[in-house]
Amino acid sequence: MEGIVAVGYGLVRVGEYWAKDIVSLAADAASMALDMAKQPSVDALYVGSALSGALGIQGNLAIHVADELGFADGLAVNISAGGASSGLAVLSGIDRLLSGSAEYVLVGGVEKVSDNLPSDVLEAILIDIDRRVLKYSGLTDAGLAAIMARLYMEEYGVSKEKITSLSVLDHENGVNNPYAMFRRAVSLDMAMSAPLVADPLTIFDVAPYGDGAAFLVLTTKEKALEEGLDYMEFLGYGVARNRVPISHRSNLLSFDASAEAASVALSRANISIDSLRFVELFDNFSITGVLALEALGLSGSGSGADDVWSGKFNLDRQVSVDIMGGLKARGHPIGATGAYQLCEAFMRFEEAPRREYGLVHMMSGFDDQAIVFVVGGGGSA
Amino acid sequence: MEGIVAVGYGLVRVGEYWAKDIVSLAADAASMALDMAKQPSVDALYVGSALSGALGIQGNLAIHVADELGFADGLAVNISAGGASSGLAVLSGIDRLLSGSAEYVLVGGVEKVSDNLPSDVLEAILIDIDRRVLKYSGLTDAGLAAIMARLYMEEYGVSKEKITSLSVLDHENGVNNPYAMFRRAVSLDMAMSAPLVADPLTIFDVAPYGDGAAFLVLTTKEKALEEGLDYMEFLGYGVARNRVPISHRSNLLSFDASAEAASVALSRANISIDSLRFVELFDNFSITGVLALEALGLSGSGSGADDVWSGKFNLDRQVSVDIMGGLKARGHPIGATGAYQLCEAFMRFEEAPRREYGLVHMMSGFDDQAIVFVVGGGGSA
Amino acid sequence: MPEITEWRDRIWRYRLIGSRCGGCGSTYYPPRNSRCLKCGGDLEEVELPRRGKLLSYTVVYQAPTLYKYSTPYIVGYIELLDGTRLFAMLTDVEPDEVRVGMELEATLRKLYTYGESGHIVYGVKFRPAVG
Amino acid sequence: MPEITEWRDRIWRYRLIGSRCGGCGSTYYPPRNSRCLKCGGDLEEVELPRRGKLLSYTVVYQAPTLYKYSTPYIVGYIELLDGTRLFAMLTDVEPDEVRVGMELEATLRKLYTYGESGHIVYGVKFRPAVG
């Protein structure tokens, strides 16, 4: 993937958009990305959305978004792959550029959860993850995370407070993100004593689902330099899968796919993990963020929660985690979340020294499929 | 797309699989394709399915199919784009090969409609195509086709019999297809006097939805020759879109996307339409098959039905249409149908002179997005 | 709970609101949020004429779940007086009375009821025009 | 009509049928149709032991629609006597009585009812083991 860059990003603040339909929401974010990229002629559109079909909102979204944007022609691909939807949209767009079949692609994701009752959204999510395991056991995604959290606490003798400290960090960092669903710090006490979603997890251990859309315009580095566009560079990526159904795994706490994806991504980028300035975790739950930290190699097994608790990944440290608030504070528009993470990385590069590197981690389900991108700043400045 | 070939195909007979779940059905077809390709190590899997999420069967199917096949690792992408789902899966797999990121990819589609009531399937389909236009008007997909058929009859003074003669041709040709849902000829009288689905269309003007799965193994021509594998070559493709919502089109009878996709595909393949030996239409309805014939350039505007009626596209003619029965006789497992069409083209090349060319036409909705592949036979023989 | 999407669309559905292009005058129903397909001009919301004529139609016998108790019913492809084209159900007319070219007018009617919530969704249907 | 998928899965769900590998003895629940993940060996269907112990659990307060009238309820991560691991609801036990490591046994119970059809889906839950 040498020489692939993003030259535009666009996103809406995660939240509840009662008056907007899913296609307009996507078009708002996409238009912003196209404006930033100076309105290039886009050859292909890749839209990720986990639940738009399952919730009866609109299937095959990509062609509707394309039409709304006034793209008269050209490829429009709709990818529905849970939390990995927009990550796979980005990857497919990169493939299209690398195959030589496109000069500019528009990639991203959109999700609309406020059109449905929360319990209907939960039901759609469990069918999306693994119908056989979740539907017959009554497990929700938060329930599965809660089972992992209790296992983790038992196995490593770690307190719940330490796991939840990742949510506190997310909220602390989210204050600076104009697109975050929640922009206020929370105390550990408040997080611990909040209502339970699935014991021992409270609402502060669970990333809130929200409506959202985020898109990026991708092209070649050569083209970006030619056009004098600022860019974020894709230096390497990795994709891997863990076993499904999840009951067939020998160790629930080992996010093998995330580990493999990160190792491949870093090696392709030829960057050591110590050179990273920031890492964006797919922390749909405090515990899954902790397990991802360990899988990515930032913490040893069983010490991820300790490390977060001790402040090792705070904003002022060598490697900062979830610098824009992570899934907990920014919010979690499922199929669009990966695109948000990449937009946020791009925002960081606009403001910070350009010779930094960041790692962005995404997944569907519980490490079912993991995608890791290593990105760096660049451009004319 | 120079040098991309299919080296294996696998499919199950379209029908009703009460005892099989969607993942097993996909795995059966995929295993057959992998066997034919001599069990290569596959780097990526692309699964198309229009309704598996919307019908509550299982979302994010690709990772479940991958696991069922025992693929420990590697990319698994789930594409949900109506009738174009498996066509876009094939295209995305081709991009991945061309980008140099994979040596072998497994691509195809699967659909399971018999798990749901027909009226629930119809409802899912209308939301998949265009919720705003179809849901509020009570239109079904067959209803929209019926409106097109009546327009066509009025505009060109063509009889219903001539439109329906495409279904008769499909059934005639389907007799030879071991994977067809229906393997019996029907008379025009029987087709005309059958029960109405949406006046003036009878059940014989409407391709029957069915359960099905079809997959292909793709690689480079270089690799196929090296391994001594028979292959079908992808000589060119085109993709284009028409306006959605369909009420915004100025002419309902003009399948502009199919026309554009075919023109690009033929030009990229450097083959004239007269050199084609066969054409597979995405004839989900007799009338849409007729409109596709005209858009592809095989018939003039308003003369497609006349041409079929007169026998111009029968098996013994220069260009034969729907040689394996088309959507009417083979059956229409929505998100898998495009992959069936390509498998059938491959089957043809196994038995016929290898220096033939074929054109395969696919679409989502009513020409909403069209994909056309030009393919040719090849291999060691 | 698809009721929310139906609620969001209620205004354009009840009042036959479309988009008109300031540049070339083209109209669109349902309304578009972005630009004109023909000339790229800006669009504004506009109440469409409630009369038109029938271009084509069908009688639906196999219906989706929401409409399964309404079969057989007629759906028309209609051109309004200003040239806007749309699809809508016909009412107050029997299948054998329908003719291509007949004059129609819009009327607000019940479309369907959600079984679980009992929520009724209304929308525009067209009936033979009077006078 | 998701009832058909539930019906198809009824045998393995009612009788706790899993897959066992002829090569290495590994077991899987739900059953796999293909090969062993560990050694690639052939799998055969087998009735799994109905006793096991609790490895971890949760009490669910925010439930999906099908289970919304059952909250709060307990779901366990359970290791059967032969080492097979699975997730299942716990029954006949209160949240404050649950302990990691407790012995459990399988019992057939109602899982949920489909509102529209009234169709009841049964499956295995686990309760504290007696004796």
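Points to keep in mind about this one:
The first chain written gets the first letter, and so on, giving A, B, C and D; residue counts start at 1 in each chain.
Just so it is clear, contacts are C-beta pairs under 8 Å (C-beta built on N, C-alpha and C of every residue); 3 or more make two chains touch, one makes a residue touch a chain.
As the structure is a prediction and not an experimental result, all values here were calculated from the model.
Shared contact partners of subunit A and subunit C comprise B, D. More C-beta pairs in contact connect the chains of A-D than those of the other pair, out of B-D and A-D. The chain with its Cα centroid farthest from the Cα centroid of subunit A is C.
Per-chain CA centroids place subunit B at a distance of 40 Å from subunit D.
Here the spacing of subunit C and subunit D, counted between their Cα centres, is 49 Å. Subunit D has its Cα centroid 31 Å from the Cα centroid of subunit A. The multi-chain contact residues of subunit D, meaning those touching 2 or more other chains, are 5, 9, 32, 37. Residue positions 56-57, 72, 117, 120, 131, 243, 245 of subunit A are each in touch with at least two other chains. In terms of which chains touch, the assembly is arranged so that all chains touch all other chains.
Residue ranges of subunit C in contact with subunit B, taken from their complex: 5, 9, 13, 28-30, 32, 37, 55-68, 70, 73, 75-77, 85-89, 95, 100, 111, 123. Residue ranges on subunit A touching subunit B, taken from their complex, read 1, 50-51, 53-54, 56-60, 62-64, 66-67, 71-82, 84, 88, 91-92, 94-101, 124, 127-131, 239-241, 243-245, 260, 364-365, 368-369.
Residues 1-2, 4-5, 8-9, 32-35, 37, 40 of subunit C touch subunit A in their complex. Subunit B meets subunit C in the complex at residues 117-120, 122-123, 125-126, 131-140, 142-144, 146-148, 150-151, 154, 195-201, 243, 245, 247-248, 252. Per the touch definition, subunit B reaches subunit D in the complex via residues 18-21, 23-24, 27, 56-57, 68-70, 72, 114-117, 120.
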